[in-house]
Each structure stands twice: as C-alpha cells, then as structure tokens.
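Lettered A, B, C, D and E in written order, each chain numbered from 1.
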Amino acid sequence: MEYITLGHMSLLLGISLTVIGFWGILTQKNIIKIILSFTIADAGVNIVIVSLGYVVGKTAPIIDNAVVQEAGRNVSASVVDPIPQALVLTSIVIGFGVTALMLAFAMKMFTAKKTLDINQFNELKW
Amino acid sequence: MSDLNINQKVSEMLQRSEANAQQDEKTFVRPEDELREVVAPDGSIIKINPLYDYYSGERPQEDKPKNAIVEKFLNWARSESIWVLGFGTGCGSIEIPPLVTPRYDMFRFGVQMRATPRQSNAFIISGYLSVKTLKRVIRSYEQMPSPKYVIALGSCTINGGMYYDSYSTINRLDKYLPVDVYIAGCMPRPEALLAGFGELKRLIKEGKGEKANEYARNFDEYKANQKKIIKDWNMPDYNW
Amino acid sequence: MSIYYKLGYTLLGLLIVLNWGMLMSAIFRKIVARVGGRYGIPYYQPWIDLIKNLGIRTTLSHGIMFYLGPVFRFTGAVGLFLFMPVLFGNEAWANFSFQGDLVLILYFQLFGMLGMALGAGEGGHPHSAIGISRGLAQHAAIELPMTMGIIALAIQYQTLSISDIVAAQQGSVLNWSIFTNPIAGVTILLAALGAMGHSPFNLVKAPNEIPIGPPTEYHSTFLGILMSSGAILHVMEAVLFMNLLFGGASNWFEMILKTFLIYFYSVFVGVVYPRFRIEQSVAWFFKIPLLLGIIAILMYSF
Amino acid sequence: MVTPIYIVATGLGVGFAIGILKKFGKNFTGALVLAALAFMTFISFQWFYGLHYGSEVATYVYTAGFKPPFSINLLMGQYESIASLMINAIGLLGGIYMFNSLKARGSDAQVVYLILIMAMNVLVMTRDIFNLFVFLEIVSIAIAGVILLEKSDRSMSAGFKYILASGIISTILLLGIVFAYYLTGTLNIDDFVGISLNTYKGGGLVIFLMMMAAILELKPFPANGWGLDLYEGADPGISAIISGASATASLFVLYKIMAFAGAEWNYYVALIGIITFVGSNFFGIVQENTRRMLGYSSIGQIGLLMVVLGFKDVLGDSTPFILFGLLISHYLAKAGLFWLSGIIKAKDLKEWSVIRKHPYFLFLMGTFVFALIGFPPFPSFFSKFNFVLLLTETGNIAWVIAILAGSMLEAIYLFRWFGYAVKSENSHIEKNKVCLHKSIPIWIMALALYGFSYYTSLSNPWSIAINFIPLAFVALLFVLDFLPVYIKNSLSILGMAYYFYLVYPQLDNMRLIFEVIFIVGGILTLIAGFAYKGTRPGFHAVALLMFAGLTAIIEAKTTLEFFFGWELMTAGSYFLIIRGKRSMTHALSYMMFSIGGAYALLAAFGISNVGQINLDLNQIGHISYLSTWAYALLILGFLTKTASVGLHIWLPGAHGEAESDVSPMVSAILLKAGVFGLVLTLIAMNGSDSQWSNLAYALGWLGAITALSGNLMAVFQEDAKRLLAYSSIGQLGYIVFALAMMTHLGWLTAFTYSINHFMYKAILFLTIGAVVLRVGTHDMYKMGGLIARMPMAFIAVLIGIIALSGVPPLSGFAGKWLFYNAVMEKGWYFQGIIIFFSGGLAFLYLWRLIHTIFLGQLKDNHRNVKDISIWFAIPVYILIGGIMVFSVRPDWVLQPLGNMLSPFFPTGQLNWDHSYAYTTLGYWSGTNVFITIVILFLIVFGILALSTRKAHKLKQFDITYSGEKPFRPETTHVAWNVFAGFYKAVWPATIPLVAKFWDYVTDFFHDGAGFTRRIYSGNGQAYMMHILYFIIITYIVIIGG
Amino acid sequence: MEHARLQLVNKLFNDRPKSYKYNLFQMKLLIDRLTQHYNLTDYKQQRHNLAFVTVDKQLSPDIITHLRDYEGFSHFVLLSCVDWIEDDKLQLTYLLNQPNHKYEIGVRVLIDRKNPEMVSLHKMWKQIWTYQRELHEAFGIIFPGSPRLEENFVLEGWTEKPHMLRDFDTKEYAERTYFPRPGRTSNDPATYMREKLYPNQPVTAKTNKND
C-alpha cells in the first residue's frame, strides 16, 4: 500500500478497540467494568464494519441534494458502499439491547449478593 | 461406703437370697430349659417347651429274647465282642488304660473301647459317683442300645468306698442302675478287671445279661430313686 | 452265558470279596497290635462284631435320610464291585463291568459318600457334620492327583476301559504299568494312601478323633451294613489299584495276594506316620503328588 | 399452503399485540401466545407434510420484493420444515408446560418466549448470513430475557455468563460476516456456496471466524462452562427449550455454514464433536445434581450429532436417517427428562426415588433413559447401529471406539440415576402434587418417541424384517398391568406357548434346542409366578420383554435383528434383576457389563459387515478384514453374558439378590443366550478360513479357569443363592471350555451340559427360592433341619445335587463321561484336570447347600413352616421328570444331538449300538447302569427294612452329647464356616483379584473425572478465557494441521 | 501416680539380702506402721515370712487397699473361711503376698455367723469373685454385688443349709439321703483301741467339748 488511507486507519482503530474491549472483559473484576468493556468491543466492531465499506474519495451514502448535484445520475459512483452502513445500524441496536440486558442482570445480581465482584458468583460449578 | 448404704444393701440381698431359697425348693430350671416364645418367619408366635419338644421321651420297652437257640448263639457273639463305654470319674479310670498295653491286652477277649454310647454294649463306671456325675451316667446308660451291661469298678462306685459319709457321694449304685458285675477293690488291678470281663462273658453266655429289660420293667422305681437325689432333673424321663 | 448264570457268579464273587474285606480289616488290626507289641484281636473278630451288631435289639432312626444313609453306602460299595472287572480273562467273573468304564468307577465312589454324608447329616450330631466336611474336603484333595495319574495311564494305553488296561499289562511282570509308567504309578499310589483312609489320612474315621466322625449316631443293623460296605470298599479300592498298576488278576489267589500287598502298603505307611490335621492333609496332596502328576502327564503329552 | 413468512409475522404481530392487550390480564395474553404458537406449528406441519408426502417442492420466500443479494430470502426445504416443526412443537408444548410460571413472570415474559420460538424458526429458514447473525442475537437476548425474569438468584449468574458468552460469539460472527461481505460483496449463503471463499485472500480467516461462532454456539467441550451453568441454573422448562429447540437451530446453522466452509472443516467439526461427546460424558459420571447431569448429557448428545455432521460426506445418503434418528430421540427424551425434573423438583440424584410414588412417571423416565442410551426399539438404536456399521465400513475404527466409549460413559451415569430412582429409599420424601398441564407435554413426548421408533424402524431398509409381535404383546401386558397376577401369568404363559407353536417349525434343530430352553424354560419359571399374590406390578411386561429378546435372537436372520433381540433381552433382564430388594448396585454392574459386551458385538458386526451388502447373520462366517479382531470381539461380547472369570463379578450379586422366581429365569435361561451366541460365533469361525486355533486355545483355558474359580468361590459362600450363582459361573465355565475344544465330542459335551445345567439349575434355584420365601432369609446358617418340614423341597434339591455333581445314575454323569472322552481325544490334559478338580469342588458346596438347609438341627422359629408352595413345586417336578428321562434313556437326547453336530464336526462321532454309547476310548450304557443301581438300591433297602423291626423315631436332641443335653438348636447345628479346614489349605486361591481390578478401574474413572471437572470453576471470566483459548487452539490446529 | 509410688516403695526395700532376721525385722516395721493408723488385734508371727493379724470388719477394705498400694502386697493368694461356732463367728482370711520381699500377711476378719455378709472386694482383684462364690455356697456368706453369686458352684440342686457349716451333720445327711450299706463297721483307730486293745482301761482322756 503506498499510503495509509482513512479506511485503513479506521480499520486499525476498530480492531484495537475490539481487542481492548476483550482484554477488559477478561481482566476486570467489577461487573459494570465488564459490561463497559463489552460495549467498547461492540463499538470497535461497528467501526470495523463501517471502515470496510469505505471507498477512497467517496462521501457518505446519504442521497441529499448536495450529492445529487455533484454526481447527477450516477449516485452510486460518488457514494461509499451503503450496505455496511445499514448493517452497522442493526449491530448498534443489538449492541444496545445486549448491554441493557447485561445491566439488568448486574442490577439483579447486586440485589442478590450485595457485591459486583464477578468471583463471588461461582456457586454453579463442577 | 457409708454404713447406711451397706446395711440397706445387705437387707435387700438377704430377702433376695430367701426368695431364691424358696424358689430352689420347687425347681432348678436352667434358663435354656424355660418355656420360650419365638417369632416364626411369617410373624406367628411359636411356644417352645424345650424339655418336651426336643426329646422323644417315651418309656423304655422290654425287648425279651424271642427264641432260645438264636438267642444262645447271639449271646455267644455278644460275649465274644464286648464294646465298652468307659465313664472314668475320680480315681477309677486310671485302671482302664493298662488294658490296651501289651501286658494285659483286652483285645484278645474281643473287648474294644467305643467312644459313643450308641455303639457300645458294656458300660464301665469307675470312681465315686457324685450327684452331678450320676445324672450324666444315667443319660449315657439310657442312650445305649439293649442288651447292655454295667460293670461297677472299684469300691467307691459300688458302695461309696471311703467317701461313704460324704454329703454328695452315691452309696449304692445298684439302687439307681442295674449293675451286672462288681469288681471290688480300692482300685482293683487290671487283672481284676480282666477277671471281671471273664465274669461278664460267663453271665452273658448263661443268658443272665438281661438287666436292661429289668431296668425297663421296674423303670419307675429306679426313676424314683434317681429323682430323690437329683433335684435339678430337667431332662426327659427316659433319654433315648 | 445267561444272565442268571452270571448273577450266580457275581453273588459268589461278592461273598468272597466281603469275607476277604473283613479278614483284611482283622489282619490290619492284628498288624497294628503286633507293631505295638500286643497279641491283638483273634482273626474271626470282625465276623463276631458283625453278628453282635446285627443282633442288637434296639433300632433308633433320626429320619428317612438317616435310615437311607447305610442303604446308599452299601449300594455304592456293591455297585463298585459290580462295575469293576475283578478277575481278568474269564467272562464269568467280570461281573457287570460291561456297563461302564473307569469314569463310571471314579464317579460312583461319590454315590456311597453322598449317601453317607446325607444320612449322618440328618443325625443332627455336630460331630458327624464336622467329620463329613473334613472327609469331603480330603476326598476333593485326593481326587486331584488320582485323576492326573489315571489320565496319564489313559494316555499311555489310549483307553478308558479297565479291562483293556489290564489286557495291555499282561505278559511279563515288567510290563505292569507300575514299571512302564512309574511316575503315574507313584502318583496313584500316593493318592491311594488318602483313598484307603489309613493314618496319616484317617482323620475322618479315627476312633479317638471327634467320636468316630460321621457314623457317631449309627448303631445295630445300620452299623453292621456300614462295616460290611466299608470292608467291600477297601477291597474294591485295592482291586482298582491292582487293575491299574499291577496287571490285574486272572484268578482269585492272585487277586487276594495283590490286594493284600496293596492294602498293607498303606497300612504299613499308616502305622509309622502320625495323623494329619485336615489342612495339612489337603495341603499335602497339593505338593508332591500334584508335582508328580504334572510330570507324569507331561511325559506323555509331548 | 400458508407461506412460511407467516410464522415470523404471527410471532412478531402477536408479540406487539400483547404489548397493547396487556390490560386484559395474563391469562388472556398467555392463551394468545399459545394460539400463536399453535398456528406456527400448523404452518410448519403443513409444509412438512407437503414436502415429504405431498407434491410440494422446496420454495424460496423473498422479502421486500427484491431478489437476493439485495434482500433477505428464506428457504423452506425438506430439512428446514422438519427443524421448524420440531422447534415449534417444543415451543407449543413448552408453552403449555410453563403456562403458570410464565404467567407468574408477567406478560412480557410470554412475549419474550414467543419471540424466542419465532427467532429460532427464522434461524433455520434464513439464507442471509447477516440475518442469521441478527436472529442469533435475538435468540440469545430472548433466552437471557426469560431467565432474567425468573425469581431464583442462581439463574442470575447463569444468565449473565450466558449473555457474556453469546456476546463474544456474536462479535466473532459479526467480524466474520463483515469480512466475508468485504471479500465477496454478498451476504447470501447460496452465493457463498457457489464461490469457494478460501480462494480469496483472507477467505480462510473469514470461514474460520464464522465456523468458530457456529461451533461455539453448540457449547463445545471444554469451552462450555457457561452452557452447563445455564442448564443447571435455568428453569427446567427453559432448559428443555434450550436443549431441544435452540440446539436443533444452532446445529442447523452449523449445517448451513459447513455447506460453504470447505471439505477440510468436516474433519475438524467431527473432531470437536467427538471430544465434546466423550469429555462431557466423562464428567457426567461424577455429577450429583440432576439438572447439571442432564446438561452434560445434552451437550454430549449434541457433540455426537456434530460427529455425524462431520462425517456427512463419508456417510453419504444415509446421513439424514442417522442424524434424524439421534436428533429426534435426543430432542424428545431430553425435553421429557427436563420437564420431569421440573415436576419432581429433586436436586440430588438419590432423591429421585420419590418418582416411584407416581409409577407412570417412572415408566416415562425409563423410556427416556433407554431412548437416550440407544436401546431398541427407539430411533437412536437404529441410527447408532447404522452409524457404527458405516464408520467401520469406511475404516475409521478409532472413531467407532471413541463413540462407543462415550455412549458407555453416558450409560453409566444415566443407569445409575435410573437405579437410584427405582431402588433407593424414598419413604422420607413426601409425594409432590402434579398438575395436569405439566404432565401432558411429557406424555406427548413419550408417545412421539414411540411413534418415531416405529417410523424409523420402517424407514430403515434392514429393520423391516424385525417382527414386532412379541413387542406388541409386551406392550399389551404393560397396559394390563393392573390385573391380578393369575390372569397376567396365565396370559403370558399362553402367549409364549402360542408363540412357540408359531415359531417351532421354521427353526433348525440346533436353534430348536435353545428355543426350547428359552421358551419352555420360561413357561416353567412363569408357572412359579402363580405363587405370588396381588398384582405384582411391572413383572410380567419385563419378563416377556426378556423372552421376546431371547426369541428374537434365535430367529434373527440379520445382524441388526440379532443385535435388536440382544439389547431387548438385556433391557428386560435388567428390569427383572433390579426388582430384588438389595439389587441396585448389582443391577448397575450387570448393565455395565452387558452394554460393554453389546458394544463389542456392535463393533464386531461392523467389522464383519465390511464388503457385505445385506447384513446377513452368517456373514460372520466369511470375514475378510481384521477377522481375528472380529471373532475376539464377538467372543468377548458373548463372554460377558456367560460370566467367564474377569467378566463375572456382576453375576453373584445379580442372581443372588433377584426375586425367588427371577433367579432361575436369569440363571438357568439367560446365561444360555451367551452360549447360543458363542455357538454361532464358533460355527462361523470353524467354517471361515481364518486361523482361530490359538483363539480357541485361549478360550479353553479361560473356560477351565472360570470353572475352577466359580466352584472354588461357591464352596465358601454363606448365602444360599450366592452359592448357586457362583456354581452357575462354574458350570458356564465347563460349557465354554467344551465349546472351545471345537471337536464333535467337545460340542456334544457342551450341549449335554447346557441342557443339564438348565434343568438342575432351574430346579435348585426354584426350590431354594421357594424355601427362602417360606423361611425369609438367604443365610444358610439361619436354616437347618427343614427336611422334617419340607420333604418335597428336600427330594427336589437331592435330585438336583446328584444330577449336578455327576453321580452315575442321573444325567449329570453323561456330561462327565463325555468330558473325559472329549479331553482325552482333544489332548487338552491340564485344562481337563482343572475341570475334573472343580467337579470335585462342586461336590463340596452341594453337600454344604443341602446339609445346612435341610439336615442338622431344626431352628425354633421354623418349627411350623409349611412345605414349598405348589406353584414352585410343579415346574420343579416337571424338570425332575426331564432329568429322569435323560438319565434313563440318554440316547434319546445324545443321538439327535450327534446328528445335529455331524455337519459341523464330521469326525470323532459318538457311536451307539442300541443302549451302549462307545467311543475309541471307553463305553457306557446309561440305561443299564440306571437299572442296575436302582434294583441294587431296592434290594438293600428291602434287606434293611426287613431286619430292623419298628425303629424308634428320635427327635432332634436325642443325640449322644457326651452325657450332657444339647444347649439350643442354634449351637448344635454345624452350618457356619463349614469348610474351615479346607479354607486354611486353599485360601490364597479365594482372594477376589478380579473384583479388586474392577474396583480399581471404576475408582480411576471417578477420581479422574472428579479431578478434571474442576476446570469449570464457576467463574464467568474463566469461562470467557476458555472460549478464547478454544479459538486460539483450534486456529493453531487448523493452520498447523 | 499410683505406679510411681509402688516403684518407690520397691526400690527402698529392694536390694537387701532376704535373710531370716531381715524378714522378721521388716515384719516388725510393717506392723508398727500399721498400728499407727489402725488398731490391729492378736498379731501372730507364724513364720519368718508369714504373719496373721485380725482387723476390724468395717476397716478391712481400707487396710487391704493400703497393703496393696502402699505396702507392695500386689499378689492376692487366697480367701478362706473358718467356722468358729463356739464364738458364733465366721473368720475370713485374706492372704496377701509381697513379691519383692517374699513375705505374706494374712488379714483376718471376724463376721457374724447368724447372717454372714462381707463387702465384696472383686473390684480390687478380679479373681476374688470365684472365692466369694465358693464361700457363698459352702458357708452361705453373702457378698453383695459379687458377680454370679447365686449360681451353682460345685453342687447342683443343693437344698440343704450350707454344707461346710459345722452345725451341718454330713454323716446324718448321708445316711438319710443315700442308701447306706448295711453292716458297715467303722475301724476308726480310737474306738478300735478302746474296745479291742485296752478293753478294761478307764476312760480318762480329755473329752471333746460337744461329745
């Protein structure tokens, strides 16, 4: 690659965010921190999705009059790949759903054992 | 122990011993002979009377010899092969072992020691008989098959010997059992015993060895004498 | 030869064997006495004892099986006599041996033993039960070397029928199987010590052990039958060993001589050695006789 | 046909509608949900029916009016219709089951539940990979949601771990999807299938990510800690849905992704599957908690299904049959068991004994357990059979061994659990009430299971030949279980007699002998059943099941039929044995050895099937490939049933503790099944050209040592039935030794012994069983002197022991005589001597049996015991008649046996001249010997009777006791440790080495499992770590491999 | 503690020559020590290594325990009884042996003859209960608490009074119960000499008290 495009940079960012998120899940003891690191990993994945759809020099796939004027008939030529954008929307919504559910669990677990340390919840074992 | 404690204990012991005394008058029943009840596998209760359920207990019958010739021949055989059951109590039984030694050797006369009353015909009782041993003698005697003979060996057996005035020695054996041959002497020598065997052979040959039938005939009288002195009888009247 | 003619011979043979058995037991007690320096019993004592026992007037029975015990025993003894070719050569004296071979003899010994065990068992006497358990354990131990020796002989002669074995041993004394197959012979003879029941293996019937073992409750006619069947059994065992090892007998005198020697071989051993306890006698049969048996078979199977 | 999209539409529509109609109350919303589920089930059923039986063809459903790749399309093909029907069905039944608990959690729980079922349908149908991801997420959120609404805090931590794990899995899947789109530009699975992804740069990584997500969703071992906690923590209804529906859906997802994932992935999926199957079952052995154990079992079953998927190319067109068989039995059985655990509410395995208070549930539990393990007639049996056959055909033996080992481990803990349920103490637990709506789904599941069993047996080409008449008869008997004993007994006897009449003409006379032993023997032992009062629940069905299995073996033409009958017999006999009072552990060890033996047979049939077409039974005659291995396995399998030394430790307990009329059934009859198997194998071996001489030699030594050890142990037993059980081991050792000789005389001896052993062992066990019923104890030293009270029993046992010990007049001697000739002719001298010595030992314990029970002193509490019941006496005296006939005229039996054997072993015949049998070695005339001995006996008896006048009848204490009186009957009866002297001489030989060996093996497994299961430390984070390790390791393996 | 004291006492007396004078001297020391605590009556030195002493019935258990624990009399030899019908007393003798110095002491206790009872010492030496059973059967002495006291010891079914008491006339009992042989003459030396050897010698010998 002769030079680092914006897409590559965002791809690197996304992947690093995912890795940080996974690292957070595995090491943090506090449940809230685990949930937070989960959302970070989720955000990282979303960034990766979006960055994969990026085409150098093209603009966001929102067909408003600015884009129509500039591209005229051939809109798709001046717009980045719209499908990852669409996918990322659903992914974000799902990420939101999962995080909400996790927080609900965290709340219930706290009311049960008055602690948020993940190591306390290992009565189901062997 | 404080004085009060001892006296109170003593008085309680005395009453108990008196109770035992009266009770002794009546019976000397041992624990294993008392009536007992047992639960059968199907749950029903079974009453066990140990002195009657386990023993046949009929009276002895007289086996009179039937016809003379066969009896004469059998008597000859019986005299030639006398199987002895030894009942050595006190000093008596020391005189029987020499008989199996080369010097006296009773086997020459067909006499043989048998360990079980079932298979023996002659019953050598040697040594003084106390009340306890008389009980065992009677049971062994009654378990022998007829015709059977009794040899009383030694004066202590015959008439109590030097223990005549002891509180537990039997004086007259023939009051309790029909005796065939008396071998007197305060432990007669083995020769006397062999002579006794000779005497017994002669009696059998002459057909006088029927004391078993005599025992069966006046069984009640013998039994009355026996029970007068053996108070804790707890055996069937006649031991088969 | 019609069946009735043969029956007559067989009965005669039975009488001879019975009386010879009684005589042998008298001689045995005479020898034991003479070893002890005693004059011992007169030779006719066993007959008198038999008559006296049959003459006893009381008969007591503990139950039907007790009553049948001596019947089993006597049937076993006489059956053994019937199935064994006592004299070789003439068809008259071969009794009913045409009906079964050596295997029948080996397993028919158990018939008498079983009957005796059950009869004595019903007597209810603890001593007889202990005596039987010892006797059966000892017999099981004897069975091992005996079977090995017999199989070694059977391999050598390639037959299981006694008359064929005896036929193979005819001719000179040298081709008796004691000489042609010595190790098997010795194994069988050691096993014979146990089978004959003399000291050191007479724990079961020894008079002063627990009072005379199994027949402690038997008396009068029962005892008479037991004594006579015991006499027959002794003779039959001696005849078996004679047929297997010493070339059988063609006439009665040869049979009497050989059985006399076989029987008294175990008597002489018995007089010298003290009595074994049950575990010693069982263990003894698993030592030397077993080893010899294995060698005897190994010699022939390769 | 309603288009499949309506499934999604109703799901979502009703879900939103409930949001509005919430105020009409929870009952209404619940009913609405059920209605929706019913409609969805109807749709998928309509499609299922159309596609499979109607004219329908697989149809694509397009959404949003566009064609893919610009829109999501759903496919409703044949497999999809089955999967969706299964999911909807369990959704509906689950809804009914959890109606109250969902109602208690509020209407939003009902909504979430409906969405969960709908989402799983879409997972199955969608062809769009991103849509797959979305609905995968919806399923996990829905499951977590339902768990969240539960009350118990244990499920909270399980839920949290679940949502965390599925979060990570979905992240991986998402990355895979996005990169796949980046490379190919499409999201449609059908397109992926067209283009092979791994030709693109980085395509391998994409497939890896997607496959990893699909596999992790199926909770592979060892990264499935979170799955296990889910099963343990969640409400049993939810666990049923998870184990049934979501497992099916995830399996389908894996199937779809594997379609485009390239061939090398099949091997890896199979590898992960087998590790999961064996690993989770290995941990299952040490489980105490019921739900966690069921979790391990369902994960194991899914692992097995992954193996099948992995081998789909190898199995070719029979993959659907095998997959469907295993999947349907897992789906139905596991759901049923989870629902049962919901009703029974017993945490610990031992407390499941309360299920005995609801007998029908016990039947259900038995059905489900047997279906899971793969017993006939359930579908998993046929699929496992075909699966092993095909695997061995294609040469991967290692996989077969792993699968059989895994299913063996699973059988261990499931049977132990079932044993606790049937036998352990339950008086302290009170019966919990059962509401109808919870029990109906379970009943439906069970009926579906039996339905599918019949369906799969029809669809399997070879199993059509299995005749189901006996099984139908068994089912009938089970239904009539409430009738009193005498009706059921006579019904079963008539049934068996009629069946014998039916089958009798078609059998050749070798099979006829065994048929007579099985059926006529069965009838005789059943006659003894009339002695029992009341209804005796559950006895006749299982007894007939065993006999059905036995007849099935006899008539089997193909190896499948044989194996079908073999397993039926094992199941029936297991139920018979476990009826004994203290027989739980013994029944379990019996079952373990039987299953081990059965799997050895299965492997052997597999090997023998290589290169064959139609599973013909006498194909074992000409095995081309690994023939010695096949024969060794066959013999090993049959030896477990004839209890040779090494595999015999179950027999004393199983036969000793069984009921009075069950012991003769299992001992005199069942052991002959093993002998029949051995006969078939050895005939085949004899015909085949493989050199089997050293195998036969080893079998000979094994038979001899079994005979010796069996008889030696029997001598020192204090328990009468244990003594007879050890004696059976000894007798079977004789038969095995005789068979191993492979000569005419040897086999003649073996058959004589089989017939004899059947007769006298049945007599002994029946009589001693009857005596035990009267006296109430097994211990011999507690009995004594019973001849006075039970003359009939005494005569029977006397004839029995005379026959068994081989004393001349009776038939036992025929066996001994033939043995001598066979051994001499064959030349196996040393084994022969061991056999004859053990014959001598037999005499010891037989005398001990009859003396301690019938002779000696009569105990006080037995003074008025009645004789054995007439119902036990009838079969006994019929058998005594049989023995007498055999003894008087042995040629009636030996001559036909000789003719039957001559085709197999022409040389070395036993030749007869009218009543004399003679061989080259010796001669014997049974009839003459019998007559001579009987006449002799009568003569001597006459002499004694004449000479002794009226003998005086003594009682028990009239004995010469050295002048004294015997103390009590107990102290004068010699019965305890009777052969003490003999023991002192031979005690080294009686040390139970084999029992110690097997104890060591079981301890090794238990400790191993107990130690390694610690990796599931219960900590959520540790589980996430396991997932990541799993991914990394598989990546390394794939890149490396 | 107990064991230590015994060892100390043994060591003190242990290594002296066991001569005649030595024993006498030791016995004297012993008696002096005892008299300090208990009032012993009629001390009699039977031999150089055997002495008898009579003690009060109430104190006898304490004295015997003292002798056993402090004086080293660890070996119990026998328990016998003598019937002093004249003084209406039964005399029990507990004979104890000191194994180190090899000398013995006989502790005598006088108990009432009408209803004879004595404390049972079977707890001190286990074998005492057999002696006590014998004395119960022979003399009718009651030892409360002694094991199996009522069981037959020698005689079975004995209904008369205890046979060793002097007021029980065995000869009269024998003649009453058993069948004495008629014509039995006694050749008792005293009567033989009086009638046969010295018929006409006047009877002057000291007469027995109860003739």
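As a working rule, a residue touches a chain if its C-beta (ideal position, glycine included) is under 8 Å from a C-beta of that chain, and two chains touch if they have at least 3 such contacts.
Quick caveat, the model's predicted, so the values are computed rather than measured.
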**Q.** Labels of chains that are neighbours to chain B and to chain E
**A.** none
Q: Farthest from chain E by Cα centre, which chain is it? Let me know.
A: A
Q) Hey, which chain is the most central one here, using CA centres? A) D
(Q) With contacts counted as defined, which of the two, B-D or C-D, has more C-beta pairs across the interface? (A) C-D
Q. Where the CA atoms of chain A average out and where those of chain E average out, how many Å apart are those spots?
A. 111
Q. Which integer distance in Å separates the CA centroid of chain C from that of chain D?
A. 54
Q) Roughly how far is chain C from chain E, going centre to centre by Cα mean, in whole Å? A) 65
Q: Could you grab the centroid distance between chain D and chain E? Build each centroid from C-alpha atoms only and quote it in angstrom.
A: 82
Q: Find every residue in chain D that makes contact with two or more other chains and list them.
A: 952-954, 956-958, 960
Q. Counting only residues that touch at least 2 other chains, which ones in chain B make the list?
A. 116, 118, 240
Q: Please give all chain pairs that are in touch with each other.
A: A-D, B-C, B-D, B-E, C-D
(Q) For a test of understanding, state which residues of chain E touch chain B in their complex under the given definition. (A) 58, 115, 117, 119, 142, 144-145, 150, 155-160, 163, 168, 170-171, 173-175, 177-181, 184
Q: Could you please specify the touching residues of chain D with respect to chain A in the complex?
A: 130, 134, 137, 140-141, 144-145, 148, 153-154, 156-160, 163-164, 167-168, 170-171, 174-175, 177-179, 181-182, 187, 228-229, 232-233, 292, 1013-1014, 1016-1021, 1024-1025, 1028
**Q.** Of chain B, residues touching chain E in the complex
**A.** 1, 3, 6, 9-10, 12-14, 17, 20, 24-25, 28, 131-132, 135, 159-160, 164-172, 175, 228-232
Q | chain C contact footprint on chain B (complex, rising order) | A | 63, 73-74, 77-78, 80-81, 83, 100-102, 105, 107-108, 110, 112-116, 118-119, 121, 145-147, 240
Q: Please name which positions on chain B make contact with chain D in the complex.
A: 32, 36, 38-42, 44, 46, 48, 53-56, 58, 87, 116-118, 136-137, 139-140, 143, 234-235, 239-240
